[in-house]
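Chain lettering (A, B and C) follows the sequence in which the chains are written, and residue indices restart at 1 in each chain.
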């Protein structure tokens, strides 16, 4: 079977898988960004309880493997009476894991904003919330975008693991096709190329674009 | 554009072969010509100082001689043999890496920012070249290095890493390190420019000692006019990639002929 | 609220600890491959041949932007298609080694670029060969700034070893899956895997920082 024939035969399934991967990617990214912001801010709190919760979350999810977390959520969480379908479990697990890494980026970026910015906004009698929202976060956001670019690629790659709890993403389809045809090079190779194109020619350029836009909005060209 | 290489001899012969000869040497970065058809001879044992405003190409002269920069035209000879080129089928062609490595053994250099190896002690810095490049036994290299550290007055700091040494001390170690290779030509590239004023003397004193006690050929770029006047056999004033004026220090500093030289020297006098 | 069974926990503990050894071994071997191969990839990008640099750069980008678990499947299954059978261990080590070699090559690249230009010039002035320049002068100085990144990826490779279970490498995750399947109990084995990972990876961040300081002191650089 030539590669063209292979693609004609299985192209549709690769496309289906890619769409599921894209959906997992977007949803996991939303979860990760939200958790990163919340946990990153919480870790900066002076309240030991709030800080402790953030530290515990960050250390547990950074200290163990995503695969372990995924299986734990999938097999163990139902024992607590909490049941998600596998699709939800997939992107929530990926989001939880990468969110912990993102929280450290958020914390680092906020701390990298010069002290003078806090003092200047304080001198203008801004409330702490306004300081954070209007002065600190916009600057921190620009500072953390480049490392977020790397993290988002890691997140995309991490979504491949959801195939192991039978979410029918790109990786899952590749395994299915491999299982029925034994054309491993074609099946896995095609999937590799799709992930590569996704990361290198869609996600990375988008993040670069975002960096440029944000830098312009802050007047740093 | 290929240069006609036939005008350059394969080797310099005769009774007055200079230690260093720049013959029609041109260096350009893109369109910016840094050195324009430079001709300069340095005799064996001579101490030549290069002065001039920044951007006049004076540092480039040393860097080309150390083969840190390639040249765009002309040939440099060291001890009668071509440095930048090698003979091939009776003509000079640009030297390959192997030829260069062999040819530049006769040249040593000290840098403005010392460039000591930070992960080695003063003594290890000095021994590195003799042991690794010359293949000298360690005991012999150690003896030679310790003698040189003695000469530059750094023997009591021989086991210190560069981060523990002052700028003046680092530069003295760097001089010892270069000397350990027994070069025929020593290059000093603004060796006092990065130093605090109070330690400049300890470095210039070492160089004075070298001039007085050793028969080394030396080329030096410096901003210390008084120092240049004291110890040079000849001073070259560079301007716009050419030698504007040269001569014995008494003449060049005492009675400069060219207007640009006069302007430069009076500007330096005012500043210093 | 949950029936955690301690007797079951202790019953499976020896097997879990044994599998932990395999996990550590997999991480160690994979890392050893990555350290050496990563250096090759980094140095190959510093040759005068532009085309080689471009090809290696793109290869590194490719490996870095595709999922490790997919690469593991690829290496394991593509061999037999062309008559080359790799054991799970061999395939797994190749895949994880190559994956982290790509990451480490970037760490090395950053380290090499952090060495000041004057160091190269001093080597030329001392007439050192390129290999002497690299191995005696440049690489020792590129090491301390690389140690933090190298340490992070050592922890990273350790945390990625569970992916090797998908092709049957008998590490921790594989053991937990097997135990779970046999006893129809997943709570204890999976939780234990998580705890073991935490116990190993939490102290490692501090250890890496300490090691970085030690390397700097050892090289006399501060």
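Please note the rule applied: contacts are C-beta pairs under 8 Å (C-beta built on N, C-alpha and C of every residue); 3 or more make two chains touch, one makes a residue touch a chain.
The structure displayed is predicted, hence computed values, not measured ones.
Peer 1: Taking the mean of all protein CA atoms as the centre, name the chain whose own CA mean is closest to it.
Peer 2: If one averages C-alpha positions chain by chain, the most central is C.
Peer 1: Would you kindly say which chain has the C-alpha centre located farthest from the C-alpha centre of chain A?
Peer 2: That would be chain B.
Peer 1: Which integer distance in Å separates the CA centroid of chain B from that of chain C?
Peer 2: Inter-chain centre distance comes to 46 Å.
Peer 1: Using mean C-alpha positions as chain centres, tell me how far chain A is from chain B in Å, no decimals.
Peer 2: Inter-chain centre distance comes to 56 Å.
Peer 1: As a quick test, compute the distance in whole Å between the mean CA positions of chain A and chain C.
Peer 2: That pair's centroid distance is 21 Å.
Peer 1: In the complex of these two chains, what residues of chain B are touching chain C?
Peer 2: 66-68, 101, 104-105, 107-109, 111, 113-121, 128-129, 132-133, 161-163, 177-178, 181
Peer 1: Of all residues in chain A, which touch chain C in the complex?
Peer 2: Within the complex, chain A contacts chain C at residues 59-60, 62-69, 71-72, 75-76, 79-80, 153, 156-161, 163-164, 171, 174-175, 178, 182-185, 188-189, 191-192, 195-196, 199-200, 204.
Peer 1: What residues on chain C touch chain B, complex-wise?
Peer 2: Where chain C meets chain B, its residues are 116, 118-119, 121-122, 124-129, 132, 136-137, 140-141, 219-222.
Peer 1: So in the complex, the part of chain C that touches chain A is made up of which residues?
Peer 2: Answer in residue numbers: 1-2, 61-62, 64-71, 73-74, 77-78, 80-82, 159-163, 165-166, 173, 176-177, 180, 186-187, 190-191, 193-194, 197-198, 201-202.
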